[in-house]
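The structures come next, written out as structure tokens.
After this come two complexes, each holding chain A, first together with chain B and then together with chain C.
And now, the complex of A and B:
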């Protein structure tokens, strides 16, 4: 099962500033400010390429960053990295920065 | 309004009016030497009886004006000056949108500003008042006005609200004619207002670039200490110290992040004022190196 597909507002709807390893983000549509820790900014950057499932988001992030944890190799167990990513995506959903299609 | 006074304070023009002469006389005396506004006032403060009969019977002052805080408790007429000051704070906090408003004191030296913010009782007003008498220019003790376009700080040198222990300290430091009446038994204890010195009033249009952000913390048992404060923590604390950050939206975010990214920040612990002043001067000297 591919799982849900997620989407985010385009980058020009968000202003971001790096602050000592964290990211201050101003979300223009809602007028809200968020302080994000990795990998949340990377998830939003990955979604700038278009809607994606969690494994696809992880694959997009892996193109630019070294991600700790084993890659999924067809086994039944989800990789640690994917589980963490799904938790962070859920948090971004709750914050209104990511939604599912 | 039967009695009124208009005051230019930095980039803001305020009108304060009342049914009673007393608070306006006290305010006019306290703000002696301030220019009158050349343009229409930005805000009006009204000090009125909360009930019609309260003008004469146990007179009490309700603070109102362009912006009101529902449910606020009226003050005794003998505290009319405090009501006027609270009224000006209220108009600024609820209505001012031309600058990012930070609940902070600020002083300037050599064209660069030191910004101090912290919880009530942290000493930001006392430190600003003392520095303002010792070689620095007082820019403001209650609000710092951050320019939304270029990030400079505008002076807003209102009278300084001295509370409790800091009153005696400043009474020995400044001429008596710059002090307002002693207000006993206010909701915040004893209060006495201090008019900034002539230099601070004359330079109320001169902005300064922020150079250092300080988060002072006072405690009788605190050992003097200085610690660096990370940019994310500074950002969060300043959003909490701003009364109009949310209202300003994207412009507020841009102005605040620019301030945080470009200005070093330190937290200082101190147990007496001499100690705090030495820490401030030391940090400022380090910055210049």
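And now, the complex of A and C:
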């Protein structure tokens, strides 16, 4: 099951400033400013490579990071990480920074 | 980018020289805080604000299907909107709803693309930005 594909505006539509672990992001198309905590900036960076499903976004993030997600019963760490990542994507979607194709 | 990436185990990805640990956080914790400018405090003011298409300084110019401002009479482009569009009309239009009264669907699509390209400082931007605010 592929699941929905997500997309974000290209990086040149955003201005970001790193603030001691947080990221201030100005989204040009909407004129809104957001304060992002990890892993939100990393999700947007992963989407800069093109639209992707949540598992693909996770795969892209894993290229650069060791991902720490909650364990599920039975030690299904990957699915636990995916579930939390989906929650993070939904937050970005609600903020208007990520949309579904 | 293909979703074939899903099939690849992480171990086969090119390994950067330094690995950082990224914590995804607890499901209940939020990682996005939006700072809302005091553009439009009430739903009424958002829906009644207006967006001229094109902006007054480009009055008379046509809008091509991608939303760019082009010279009057450009083949394939559309004449300016006969009146400024209201926030309510734009909101419906951007969601793929029916075109505003008196505007055909192709023109409406071009106008919607023009509005999506609005940036700070352009006429109608504040209205558009207000429509984008998450509620």
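Details
Definition applied: the second predicted complex is superposed on the first by the 91 of 101 C-alpha atoms of A that agree within 3 Å, B and C clash if a C-alpha of one lies under 4 Å from a C-alpha of the other, contacts with A are read in each partner's own complex, and residues count from 1 in each chain.
Convention: contacts are C-beta pairs under 8 Å (C-beta built on N, C-alpha and C of every residue); 3 or more make two chains touch, one makes a residue touch a chain.
These numbers come from a predicted model, not from an experiment.
In this superposed model built on chain A, chain B and chain C occupy separate space and fit side by side. After overlaying the two complexes on the shared chain, residue contacts for A:59 are found with chain C alone; chain B is out of touch. Looking at the shared chain after the overlay, A:48 reaches neither chain B nor chain C.
Of the two partner chains placed by superposition, only chain C is touched by A:92; chain B is not.
Contacts of A:31 after superposition on the shared chain: both chain B and chain C are touched. Of the two partners chain B and chain C, it is C that touches the larger number of chain A residues. Vectors from the Cα centre of chain A to those of chain B and chain C enclose 60° in the overlay, to the nearest 10. In the superposition on chain A, A:81 makes contact with chain C only, not with chain B.
Once the two complexes are overlaid on the shared chain, A:20 sits against chain B while remaining clear of chain C.
No C-alpha atom of chain B lies closer than 5 Å to any C-alpha atom of chain C in the overlay.
Shared contact residues of chain A, touching chain B in one structure and chain C in the other: 28, 31, 33, 35.
Listing the residues of chain A that touch chain B in their complex gives 15, 17, 19-22, 24, 26, 28, 31, 33, 35. Contact residues on chain A toward chain C in their complex (touch as defined above): 2, 5, 28-40, 42, 49-53, 55-56, 59-70, 81, 83-85, 87-88, 91-92, 94-97. By the touch rule above, chain B contacts chain A in their complex via residues 230-232, 235-236, 239, 245-246, 249-250, 253-254, 257, 260-261. Of all residues in chain C, only 1, 3, 5-6, 8, 10, 13-14, 16, 19-27, 30-37, 39, 116, 119-120, 125-126, 129, 132-134 touch chain A in the complex they form.
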